[in-house]
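Each of the two complexes below includes chain A, the first together with chain B, the second together with chain C.
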Partner chain A sequence: MRNRVGIVGFGQTHHRSKNTDCKGQELISIAVKRALESAGLTISDIDAVVIGNMDHFESINYVDMWSIDGSGGFMKPIMKVTTGGTTGSAIGHAGFYHIASGLFDTVLAIGWEQNSESDTTAAISTCFDPITEREFCGGAIGPLAAQYTAYMSKYGATEEDAAIVSVRDHKNAAMYNPYAHLRQTMTVDQVMKSQYISYPIKLLDICPRTDGAAAVIFATEERARKIAERPAWVLGVGDCHILVHVADGIGLANLPSLERAAHEAYEMAGVTDPFEQLDVAELYIPASTAGVTWMEALGLCEEGGGPRLIRSGVTEMGGELPINPSGGVLATNPIGATGLLRIGEAALQVMGRAEDKQVEGAEVAVATGFGGCFWSDVTVISSRPQLD
Partner chain B sequence: MEKDRKDAGAISITAMADMPYYYHVGFYYSRFLRELRDSKRIVGVKCPECEKVYVPPRIVCRDCFVTMEEFLPVSSEGTLLAYTVTNFSYTDTTKGEPKKIPYTAAYIKLDGSDSNIVHCLDETDETRIKAGMRVRAVFSGDRTGDYFHDIDHFEIIEH
Partner chain C sequence: MGVMRILSGLHRITLVVAQSKVSEGVPAVITNAMFDPVYERVLGLDAINSSALQMRSYMVKYGITEEQCAKVSVKNHRNPKSNPYAHMPMDITVDEVLRSRVLADPIKLLDTSPVSDGACAIVLAEERTARERCSRPVWITGVGHCADAYHLGDRDLADADALASAAKRAYKMAGIQDPVKEIDVAEVYDAFSYMELMWMEGLGLCAWGKGGSMIDSGMTEMDGPLPVNPSGGVLSAHAVQVAGMARIIESVLQLRGEAGMRQVEGARVALAHGIEGACGQGHCVFVLGRQD
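On to the complex of A and B.
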């Protein structure tokens, strides 16, 4: 039997394209201090630390140890988690596991990246098999772009459907999120006229690479109720690594790993009708195209129904199910932190602490993580300790 | 609350270490690459339980987790499932040089295979490519045991 797990604190840096005046540990310390401050805790309240990034972006391969001067993990147990694109969401899940197991009372989960320190696409390309795949898998963008050609061909979706997602997420970042990296609004026409980076993905369809850090504090039910007036309860987690070779994933128009992870998280949380029960979603959408193709895997529409869902306006702020009030990954992408930002932002929503980006009355939120070889994480978070 | 710092005098240093890797291709890929090099044949391996054929060959079936030992040739023709015309350059981590662009990544299911492969297509005009097209492998004349060299590219089969 697992213990109930609450989120009681969240902190993040002001994200930028290039933090030349900040070393990794300094960046981490800012997010950690803000998380502790948001919970009213000090580092001595923390029993264990989970931390991660994608090693090859900075060539720091023992980040658990290396980060101590920023994480506050001195003389504490530290678990390093690095699972590619899902690093941040897996860090959050590992924080959940620490508390749910009953072994720890208060755990600090940290994700960070200084993406400007290396060639992001080259580094991501090392995720692919060097003998049979790496040569033509252009980082994270290539496979996502290819997936959309399969989806367009199968369901008749268009590049303009994707552009609407880009406009939505960028608008939210610009209007509501002071921490976001890119804060400019754009029109569908501007997205459509931006140059092809990797057909059918254009410059304004794709996430940036960002320097930034995020930290989330998890606690047992007893501790959470003492720390926070209104904790965010983690009701369900799902994690699915499904495909061995990336080519097998891209051949599919859909994302079976997300479907499976969502199924597991929803089942654990008691979500039976996601569109009705969820109030807000913070989704790892690294390219606008994914904001169309993956909606069905989350149970938000029928198969092939992504374009209709996006065009209906229900995912905009003020709609029935706003997606990415923070602006999401298209606006901010410090890769090792990106998935944890989704969990932190989802927690803020149900805690009623999302400020300008608050979805009114939000009680149940979903957060996701995605990795470039097409694996997925899903987290369900609520202000209620259990759903009826 | 602590401010994110801005320091006009901040220093950055550059690390340009040459750090090569020597990958052991292994039993399954070695067989795959030898067949390509010596016989222009693309081989896969079949699961004894579910009978799925995997290309490139590998040790265990991902569904059944049994060791696969039956190698068999598959067709050098197949169906294009997905593609992208890549227009941005990045460091080619195999060669250590900027990647030559544009190139068209092609995700293909070969006839006789239940898994997919990735290679390139000799067409970079996206208006002339469609998912579902039939494609065939074009082999190099001087083959060396390198998948991306020995199959030079895939071409669209014109009707």
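On to the complex of A and C.
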């Protein structure tokens, strides 16, 4: 039998657009201390550290080495993971593999970003081919805009469909999540009237740039049961890196990498009917448009059924499958931490520790990560060590 | 990470790839950005001058001489004359190393690894698949990694404590009790000549402070009892992100008896080592064993 992996602690900073009162290591330290406190552990209980952020962003090389005063990794095994936008989710998966391999008992996974110190779009542009694509595909918004244009054309979706996602996620952040960066409610009309950034994506459709950090503690089954009364079990992980060149245009209107990663994670976890079996989802939705187009890849609706799903209200708090009770990425986006926040928030839900944003009776949750050139990571987390 | 994916039982075969095109960057600028942006970067610290501080500190603490360090360079440029993958095989003398241009005292040009472009890949598999698919698999028997304090002033630069800890983990996992006796060949991360001596101490392959007398004794030469860097090591090819994995690849070739003219006869246990950060802040140690 495979080694079971539990999540026993989660901590995050109060996210801001610019943290003027602390530097990167201090941000990291806040998240680490809160994670340890939530698990009732001290740094001496930690066997190994995984840490990462977006390469180039803060112009700090060898971040794993630089961060030691904040991560608590002094004289411990440390590994850096950086995979673009999926960094946070990949850090979570690396934490999972540290335990699943049997090499370590208790592992601290940390994601962080001090976006205020970076030129985000310039840094992201370096992931596109320097000769053929960097000139016109620069930044993160262009490809997402192209995707929604293709989706609208193929399935008849509208800009309003996306606006509904934006309203939902911002409302959740404002009402339920004291850690969120943008805590403001808005109407569909306000989203629709906001300035175009790259058609059809408007200012209120897109995520912010955030300073913040997150830390998640993973443990072996034996340790997890001792540490936490109700650990969150990682039942499934899936990663798929599919595109190198955006211009290859593989499934532009949809997201094949998410479909494949979800399939992998669901199969490992024993999820056969995601809409029925999942109780809550924390999804890496960097633009509201993705909250429409990617629902089918997660198996939550039929092909082209995103608009109907979003308009039905089932993904709102109190609905059958609430999406992003935390407010998600549209409210908070410290990029290297963003994917790990999804895993941490999903874990809180199944541990019954999500406080104001708790989805009643949540037992099975899915968390996703997105980034790079349309890459995806999927994690299935549950209060039950296995699904029946 | 590749090892963990296999050990988790979730993946049967994993491809691990590294590439580095150092020629497209400016190493001094890149390595300057590993230092604290507020207090240390403005001093102009980079990989070379910070290592010079470490080499000096090592020489002062243990009485190591520049000649002894130069001998490492001579050996690691001579060994790769039989390694077609090496970047800089050369016949040089200790005198030439000592008379080469000073980059940051006491580090001289010929104490320093080159700027190389390269790529490498290894294929890992779980035991059953490995036995089915491969006639001579090499087993990863131990892995360990560990990191020391960030600021140079927070460490005793002359001792590689994090390496000692990483090696201890790897040896424990591999069941190695007496590394000097049990290890037949080692590939260590000699970005600068003095590093090979220091890292041998950290690895427990010679006593603390005895790296100098070790190289004088000829122990690490090709015909010595524990050849180190038959490939020429990092001094003869330094594609930064590749060089650590290249140490594993060279160890595999040794254990499979496929190392050609640089073959260490009868090698059964090999050690591969990599570093991270300034002056070897972080270390990673692999112990590899031959199919029996």
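Going forward, the second predicted complex is superposed on the first by the 382 of 388 C-alpha atoms of A that agree within 3 Å, B and C clash if a C-alpha of one lies under 4 Å from a C-alpha of the other, contacts with A are read in each partner's own complex, and residues count from 1 in each chain.
The rule we apply is simple: a contact is a pair of C-beta atoms (placed from the backbone, for glycine too) under 8 Å apart; a residue touches a chain by one contact, two chains touch by 3 or more.
Predicted model only: the values in this text are computed from it and were never measured.
Chain B and chain C, once both complexes are superposed via chain A, fit side by side.
By the touch criterion defined above, A:G139 lies against chain B but remains apart from chain C after alignment on the C-alpha atoms of chain A.
Contact with chain C, but none with chain B, is seen for A:P77 once the two complexes are overlaid on the shared chain. With both structures placed on the common chain, the touch criterion links A:M175 to neither chain B nor chain C. Once the two structures are superposed, chain B and chain C can be ranked by residues of chain A touched, with B on top.
By the document's definition of touching, both partners, chain B and chain C, reach A:S59. Shared-chain residue A:V314: touches no atom of chain B or chain C. Touch criterion met: A:I30 reaches chain B, while chain C stays clear of it. Judged by the touch definition given at the top, the superposed model places A:S101 against chain C, while chain B stays out of reach. In the superposed pair of complexes, A:I131 makes contact with chain B only, with no contact to chain C.
By the touch criterion stated above, A:M186 is placed in contact with neither chain B nor chain C.
After superposing the two complexes on chain A, the shortest C-alpha to C-alpha distance between chain B and chain C comes to 5 Å.
Residues 59 of chain A touch chain B in one complex and chain C in the other. Those residues of chain B that touch chain A in the complex are listed here as 1-2, 4-8, 10, 12, 15, 21, 23, 25, 29, 32-33, 56, 58, 62, 81-88, 90-94, 99, 103, 105-109, 115-120, 126, 130-132, 147-148. Contact residues of chain A toward chain B in the complex are 13-14, 16, 19-22, 26, 30, 33-34, 37, 59, 119-122, 125-126, 130-139, 141-143, 145-147, 149-150, 152-154, 195-201, 244-248, 250-251. The part of chain A that touches chain C in the complex is made up of residues 2-3, 23, 59-62, 64-69, 73-79, 81, 94, 97-98, 100-103, 237, 268. On chain C, the positions that touch chain A within their shared complex are 1, 3-10, 30-31, 33-34, 36-38, 143-150, 161-162, 165-166, 169, 276-278, 281-282.
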